[in-house]
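Look at the two complexes coming up: subunit A is in both, with subunit B in one and subunit C in the other.
== the complex of A and B ==
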């Protein structure tokens, strides 16, 4: 198409330009003005709280944070100078999150795909939806207790650390990760389903019309285009996993150090117990038994930084909500609309003529 | 229904138009003034080369649930010419078109009676995905996949899974096939510089031509077009119409359109459908200039003027 536009003129110098006056709330009824100001004040207050948290933790954290804290393992000692740092909880945080996401992401995406692409009308799909909602609404401590019940069965002993007398504790990175995966799962399912719902049916139909099976369509068209949604769900899920304490205390043992189960190196580590930053903060806070609040603040600061980094990652990956429409074919539509050739977009699934 | 007459206002519009174009033609023209109008619009050559039948629609009935939307339609689909399906909304054109590559089956409750054959073979005897590679379709709204221009076409080329990886791993063969499809769709010159660009960044007309390139990539025998220009501006429409006329030598084309002038410009044979029934079928000149059926005359007269 001829996109080369001729030289466009600029408005003449003397042109009097009329612009609409800036809207003022002075003319609004009193109640509306009060409501408006209330909304405004709430927004400002929230910003202040967020800034307050970050600043407070920044000052507290930086003043107590020493490089050695990040590099030393905690040690059981009453003297704080000998009690070490929190290297192990940091490792534990990342390891536990990795295990949880490794379990939750594939299952979540598969579940979302099945729900959106195959199970639209089936009763089983409705049941699965409710199940996911129930899991999403269950307090994590309840999930943790349930996990302990399940994983301390003797036939599941290979997953967790066993006590000296052979009793199955049900506590390990694997079992805690599996239950943590339940926390992340609803978020991943939700984000992936949202992405699939945004893809118009005509995209699927186009693929079918090219002689592609449903499976090929999902694998090569649908899943690649919801990658940002999946990433968003995964990072939100990671946030939940990192922030949870109950499951760590009950299912990960909450031990000071990461303790590997003897045997093969990697599996042994996964079967071992440990702790994460959240429960390190808890133990060392004035409320906990460690009573080393400087370290609690330093650890909380590191935790906050990790979560903020994840939030930043989510914004970068998903590229903002507004732009996402484009990926699913909004651009031509806007174009057609701009040219005044508007026809109602109709779902392509139904027979239309 | 039977005694419907076109409103007088439209009559006037029909009669007035040729006077603007060729005022001297009216004295010796004894028939309706439409031939001269059509001669003006029909600025394309008749089909050259052999015309041969690829698909045959034989007494086809189609239903969604209990609702019969196509009733006893028989039509030939020939390579070397364009078949235009016209008719009001709800006349079953699109459903008939979709049944040609069994895309109606995607909708729950679809049922079919009668026979549709592709080169003599009943299409329900063919594997559905193989059939759709031989009889491909372009939709009303441009629907490129959210991937690069190259990948859009490469995806269509592959049997099921397209080759993975970036440019470095593209074989010369694949590159050639993709470029060839883009060239046939008349898009190559415009996008050759950057095939890795997202297909969604193209203009609407370019997107639709990409969809045609995609549909042509697998070397289909029949190309189905479902109102391919209804979402496009006149310039893009003209480009695509030219393309359709140029393609008819190598592939049999069926086009559904609401735009009668478009049907007239591109189609060699036209079938007029009304409420699921085939009312009239014949060469475009005959259907538009000398319609045999009253309903065709009303539809064309009403919408043409």
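== the complex of A and C ==
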């Protein structure tokens, strides 16, 4: 070992050690450098596309947006000046979202709790799990026409608007909201389950040790502590509901004005048909019947603003939890989960947390 | 749900047999006949040859997914490995934003901003004339559908791939670097190989998303039941198409008419089956991912 010592001395003058310059990109083989440049190019292109879309919508939206558009109801008229604004679609958007979330949130949280706390190994739980996944993967058009099939059964007629001859159309805020709830459900279930999985077992054990039953533990310990997760799931679900068009066209009737069914005021409204912003944009695009570009741009701008606000809300809600795991791509997994695709592989809730 | 849709779809399959999936005649005419409740002469009310629609779905989905796969892999590498942290701080919200934009907005940008551009600058008069006896080229076409579809599914693929790349244990990459392998090769040989299940899963899930995309495609694809022909050379890219999901939305007004509704449910059944198969494939593909979960 003593022979090693002299080698540690610096080399004699005139004999410099040449380190291979591995770190500098200029030394890489040509192919590798091309790949590196390609990476930069795609990154920048991505930014440009996003900036392009947002700026384009911003410029078009602001230049066509008038306060009157926001405050007037749409009217069926060929003259654009008389065709009114999109007050009803905005109301419809909020109403439909409220209905969908009111249905999806309790069911979603209950389902997540049951799956995580009670159904660990049961076969039924596995079946429910894959059912939720299939729903998440089903195209919304298919969900929509499935909904139409179900809700136009005559015994469900009390949920929707009925045609003059008594036929059940299956189209109303309630039915559309129920199918929209299916769209939001996987997101809420996913977010809530993620939250439950992060709670270490000792929390549950401590609660049991204090003599609380399983149900009280869930009600008073677990659910309050996953509140941010539930909120995140709900907001993500809202984003999904607001952005969807196919269900609105097929199940909400796509009547421009909110038309309530006669009868009791609130129930009548819920049984009535209407439209949302997405539907309004579609209607006024060249593909739809209205074909009024200015209005389509203005409505799309409002829609985009709502989506941006929701995005911001999600970042705020999940921001506090994001920092800790950022180095292992936590935020990316969360985005993937937000799209209803895949949840982060669950870290074992070990004693370190 | 699957059972109900299939029951409702059965008459259409029954009437047409396996040639439901075949080609023959003009699918637009067939659908219109159904809409008006008048059977085409010599055929049953349910007569349909859906091949142009299926073909439309395939030729929009496959290229879009391939483009998105290349772009998102490169972008994910860029984000996790090369981007300086301020750039990374910008890119993350950008991807989030692109993922959150409703499809109808993409469709609007496509049809109102990009379609005229394509129509004016990319389609020459000669090209327009060369196919004018079968179809008109109007800017809303296959190319636009593919591009916008690719933009729509890229963010979700980036999210999955970047997540997986970031979860690769740093010690593995350090080991490779210690052996004198440069960074690019390390990424390709170590990180990408580790993240391969995630890339497969991302591709499968994005394909499912692309299959079901209806609104955007019904806006930008030109909506002519025309089986675009790859033999037409570049003109192929400018021919209109009509995917299955878009057709369902467009014809949804006819859902109350018997034959039409059976037909549309048959289309939905095809979509549902492909989506279910894809989600099973996605489930299978993401099983190996669980290995990395422990290290998160």
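Basically, the second predicted complex is superposed on the first by the 279 of 353 C-alpha atoms of A that agree within 3 Å, B and C clash if a C-alpha of one lies under 4 Å from a C-alpha of the other, contacts with A are read in each partner's own complex, and residues count from 1 in each chain.
The rule is simple: a contact is a pair of C-beta atoms (placed from the backbone, for glycine too) under 8 Å apart; a residue touches a chain by one contact, two chains touch by 3 or more.
All values reported here derive from a predicted model rather than from experimental measurement.
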{"item": "Partner contacting more residues of subunit A (subunit B vs subunit C)", "value": "C"}
{"item": "First, second, both or neither for A:212, with subunit B first and subunit C second", "value": "first"}
{"item": "Touched partner set for A:309, first subunit B, second subunit C, both or neither", "value": "neither"}
{"item": "Partner chain(s) touched by A:110 [first = subunit B, second = subunit C, both, neither]", "value": "neither"}
{"item": "Touched partner set for A:221, first subunit B, second subunit C, both or neither", "value": "first"}
{"item": "Partner chain in contact with A:203 - subunit B first, subunit C second, else both or neither", "value": "first"}
{"item": "Which of subunit B and subunit C A:55 touches, first, second, both or neither", "value": "neither"}
{"item": "Touched partner set for A:124, first subunit B, second subunit C, both or neither", "value": "neither"}
{"item": "Partner chain(s) touched by A:293 [first = subunit B, second = subunit C, both, neither]", "value": "second"}
{"item": "Residues of subunit A that lie at the interface with subunit B and also at the interface with subunit C", "value": "327-329, 331-333, 335-336, 339, 341, 345, 348"}
{"item": "Sites on subunit B touched by subunit A in the complex", "value": "64, 69, 87, 89-95, 98, 101, 103-104, 106-107, 110, 128-133, 136-137, 139, 141-147, 155-156, 160-162, 190, 200-207, 211, 214-215, 218, 230-233, 235-236, 239, 256"}
{"item": "Partner subunit B, residues of subunit A touching it in the complex", "value": "1-2, 199-200, 202-203, 205-213, 216, 219-221, 224-225, 326-329, 331-333, 335-336, 339, 341, 343, 345, 348-353"}
{"item": "List of subunit A residues in touch with subunit C within their complex", "value": "20, 22, 27-28, 32-33, 35-36, 38-43, 45-47, 49-51, 53-54, 56-57, 130, 133-142, 144-146, 148-150, 239, 242-246, 249-250, 278, 281-282, 285-287, 293, 296-297, 300, 303-304, 307-308, 310-311, 315, 325, 327-333, 335-336, 338-339, 341-342, 344-348"}
{"item": "Touching residues on subunit C, where the partner in the complex is subunit A", "value": "1, 4-5, 8, 71, 74-75, 77-83, 87, 90-109, 111-113, 140, 151, 154-156, 158-160, 162-167, 180, 182, 184-185, 188, 201-202, 205, 208, 211-215, 218-219, 223, 245, 248-249, 252, 255, 264-265, 268, 271-272, 275-276, 278-279, 282-283, 286, 289-290, 292-296"}
